[in-house]
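To start, I am sharing the structure in question, which I have written as structure tokens.
Each chain carries a letter (A, B, C and D) given by its place in the written order, and its residues are counted from 1.
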Amino acid sequence: MSFHHSNDKLLSLASAAALVSDGALVALGGGLSSRLPMALVREMVRQGRRGLHVVGSAHGIDVDLLVAAGSIAVCEESYVGFEQDLGLAPAFRRAAETATIEVRESCCATILAQLRAAEFGLPFMAVRGVRGSDIRGLHPEYGEVTCPFTGETLVAVPPLRPDVALIHAPLGDRRGNLHLDQPYVLDERFAASSRNVVASVDRLVGSEEVDRAGITIPAHLVAAVSEVPYGAHPSSCYPGYAYDRPHLATYVAAATAGGEDLADYLATFVAGVDEEGYRAAVGAARLAALSRWSESTADWKAVFA
Amino acid sequence: MSFHHSNDKLLSLASAAALVSDGALVALGGGLSSRLPMALVREMVRQGRRGLHVVGSAHGIDVDLLVAAGSIAVCEESYVGFEQDLGLAPAFRRAAETATIEVRESCCATILAQLRAAEFGLPFMAVRGVRGSDIRGLHPEYGEVTCPFTGETLVAVPPLRPDVALIHAPLGDRRGNLHLDQPYVLDERFAASSRNVVASVDRLVGSEEVDRAGITIPAHLVAAVSEVPYGAHPSSCYPGYAYDRPHLATYVAAATAGGEDLADYLATFVAGVDEEGYRAAVGAARLAALSRWSESTADWKAVFA
Amino acid sequence: MSFTIDEWFVVALARTIRDRETVFHGFGSPCAQVAMHVARRTHARDMLLVEGATYAVNPDPPFIPPTGNDLVLAQGSTYQMRFEEFFDAAVRGDVDRMFLSGVQIDPHGSTNVTAVGPVSAPKVKLGGGGGGCNLAATVGHLTLWTTRHRSGRTLVETCDFVTDMGHRTREGSRAELGFTGGGPEWLVTELGVFDFDLDGHARLRQLFPDVSLEVVRAATGFPLRVAGDLRPVPPPGAAELAALRGIDPLGVRRSEFSPTDLRRTFEAPTGVPCPC
Amino acid sequence: MSFTIDEWFVVALARTIRDRETVFHGFGSPCAQVAMHVARRTHARDMLLVEGATYAVNPDPPFIPPTGNDLVLAQGSTYQMRFEEFFDAAVRGDVDRMFLSGVQIDPHGSTNVTAVGPVSAPKVKLGGGGGGCNLAATVGHLTLWTTRHRSGRTLVETCDFVTDMGHRTREGSRAELGFTGGGPEWLVTELGVFDFDLDGHARLRQLFPDVSLEVVRAATGFPLRVAGDLRPVPPPGAAELAALRGIDPLGVRRSEFSPTDLRRTFEAPTGVPCPC
């Protein structure tokens, strides 16, 4: 976790994704269908990454796609799915039900406590809750600690120090300064607790512009940055673009059907193309439509129709 | 620490300061000679507050003035003084050497850990360090905790939940939203861990303006807000004004001499006047000069001459 | 004035909120999400509404989108909490109420959103609990809800997996576990409204008028406890329906209901006073 | 080219910084503060400089003011850490060096800035240690300094009070206490420069040319250990003096020296290469 002093961390997407090794403990930035590091996820699939242990809060297509591609061994997220709208995560569900991945389901607040232990340089953190939940049983690595003042017993959790945090930002500079809009979800905590931050940005700009927008994650925490327009698609990255609900529906249908359909999706949008090809496959018109949210409430509603 | 829902928290300085009871555990915002809640401090002295237990990081005239006025029983700051420039804190030093106040000197990082315990709803926090320092001996309330994973013994510190945090901000609205400029020092942590935040602001503005500047401390954490121009003087509150070094020197000289000289200072600048009188005593010209820092580097240097 | 079950159901959820409470809903909870905005626009104008995964404080979104983490949900808010800022507030006791649902719900209000069947090789792997497992321990009160009571698979004697604890589990009561939150206060289903008795056991308090006690009993997987003063669910007021239709033009709330239930429509008895 | 002791002293401090280190100074430390900027403008251009109580990263202030928490110190910085952000980084081991001074310093580099005499009723109550007591445990290396060695009251056998631990205290060694930082690496005084030997005991390595070994011995309150290769302190280079005079036009560094010492001036032997 020591600081990154280089003044030029700009890498190609391939070189950036290559900083994630097979079997790495990987923190995925963003949450649900917002600011997911999809370009980095797709590139890891192209590179045939295997045996990843992913951690995070509530996620969706990022985790499901990695599971569909066979890249994940252990999943320690607090939620994987598509909410009420598109339902369960098909590949994740299938892999869990056939025990082809290990699901160490966790809780957002517990993950926060474990990241804080790493960030604060402490060997453990205490949490309330968890007791009384069967989630406790999924985590033999948890312990107990007794408060020296009140005598109460709390659950103790070990530090969580990801090998790499994958974070997508709308804006960044080549030194590694990143600007994010709220909600940051766990990205600030991931950045401070992980050994390396590997970032993708929709737009690489000068330091002055990141400074004006506000630096959310400072360069000294970032190991590499890669410029990928629409790098969070099909999740949202405001103010640039809303999430692509029809695309998520297409993916969910393909992943639910599995077999040919899933293979076709992967060939068309991941394995068979680079990111330029991905944007072409999605279509310039569709991408443009996702940026039209700001024009009027009607336009914004239309994006979700 | 439950949230403050009222939409109008504007009080007179007298009513705001009156929310601090004798003997209260008081967190002082700002640090060194920056953004100290001086108007609230002076008003507490006018109201004859007694037996306060003050906590914070590195402070100066705020604590020394309260000590000089006999308002403090216990001082749990990490530093009280005027740095290399003006040296030791005269009243604080005298009171400590004659044991008329109890000095529970602490460390910034330990205070942070204790505030976090309160903010995180935990009955204790572990800290590295402290062992090996005689500061440990000043705190019988500290305990020890053994890490259930590594077996190492760390110092355990109890939650620090101030009765009230006194915070000065350049900008705020009547709902209690506050904008601060960096460094925030411990003010964000004080706001989240204290039962009540009592704030003074140089300028009371509309919510939109605070929103544009950026809300550092949200209304739901704030119990009361009072508008006091130059409310941090003689400490700085940028971008409004730099610190008033000659005034600090005047105070330090008076407090060092004690007796008549100190009594004169208190009469002229505190007990004998309200804040309007205070500003008059300091002088409009001097106050204006402190705002001239931004005109040129030469002007900025001149402020410190 | 006519309305549908999804509208009435959401109003029933909204009425579990008291004014000046700080209230939160998780993601994937359109009914609770809409209900919070209805409450804030009617009887709970001074509540502090924390908008799901955006952690926006008191926003006024033009509409509710199909995802719980979208910028539109923060519109009109002057402040967005950080993720950790919200969780810390909830753990230390500053959040008064949270809405929580479950694919399985037991008589003491424990919920399962993790897995149906054995967790090691589930029959159905569900999405997971997000932050619920810690929040359920410390938030002041919980309003539980389900729109699938009728299925007979939702209100069960024992959850296959307890994601979020109710009033007690085999590990003991909340008091025994040192939990600071009050636990489940209400359970609202598409058939009726339950509170929890002194044993922390669900008790039917109100019935929707098109539902019989027998239907509820048949759909409930544990011995049904019924309050002495069982009443019909009070109908929604005009202001509540107007607020609801205003905040949810896309009808995301309907995604929680079965097609059959969505056909349930009602006529407001004229002259019913709106509680707001 | 002539220069004064305060200038040479600050350059000696600056040279304890290695390039690419993350370095911090506390408040009330003008000499260390100026030294860090000199290092960053000469031999350590890629260091990460954290500017005292402003926690500004790599600022370029037009001058150093008499207080450690002023906006001028953050000028030219693109990022300011939060208070807790800095302390967390230091505790988890991301800060490589910190400058620390003491009114009393013992042979193992423990320092006292709390009280002279018994702490319960001190002869002199000092200001206090700020964040040092935790930072000294985990920061990679410590550069200690004093400008009052000559007084005979500063380098003492035992501190009346240990505010910040050096290599060992009566409680044990750093290893025994589980400290992750390396402890004191250098001790720079207005008489000479010490490193620390394998016992973690201060050892004189360099002398200022106008100071004799006897003067140092007389001023040191513990048995003086002297390195076999005792040398004069290397004189400052032109670039270092230029950087120093540029960053400290107000001469805040001089506030740390006695009037007598401030009269010490030196002539640079011509043709000395600047190490930068």
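The working rule: a contact is a pair of C-beta atoms (placed from the backbone, for glycine too) under 8 Å apart; a residue touches a chain by one contact, two chains touch by 3 or more.
All figures in this text were calculated on a predicted structure; none of them were measured in a lab.
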Comparing A-C with B-C, the one with more C-beta contacts is A-C
If we define chain centres by averaging CA atoms, which chain lands farthest from chain B? Would you check?
-> C
CA centroids of chain B and chain D: separation to the nearest Å works out as 28
Averaged-CA centre spacing for the pair chain C and chain B, given as whole angstrom | 43
Measuring from the mean C-alpha position of chain C to the mean C-alpha position of chain D, what distance in angstrom results?
-> 60
At which residue positions does chain B touch at least two other chains?
-> 121, 128, 152, 154
Contacts with two or more other chains, residues of chain C listed in rising order = 91, 138, 180
Each pair of chains that touches, named by its two labels | A-B, A-C, A-D, B-C, B-D
As the complex stands, chain A meets chain C at residues 31-34, 57-58, 77-81, 83-85, 88-89, 92-93, 96-99, 103, 105, 107-110, 112, 127-135, 138, 152-154, 181-186, 188-189, 236, 238-239, 242-243, 245, 293, 297, 300-301, 304
Mind listing the chain D positions that touch chain B in their complex?
-> 27-30, 53-55, 62-63, 65-72, 74, 80, 82-84, 87, 90-91, 114-115, 119-138, 161-165, 169, 171-172, 174, 177-180, 249-250, 252, 255-256
Note which residues of chain B are touching chain A in the complex, please.
-> 121-124, 126, 128, 143-145, 147-150, 152, 154, 156, 158
For the chain B and chain C complex, residues of the former touching the latter | 1-3, 5, 7, 118-121, 177, 192, 207, 210-211, 215, 218-220
Within their complex, chain C touches chain B through residues 20, 22, 46, 48, 57, 78-79, 81, 85, 88-89, 91-94, 96, 138, 180
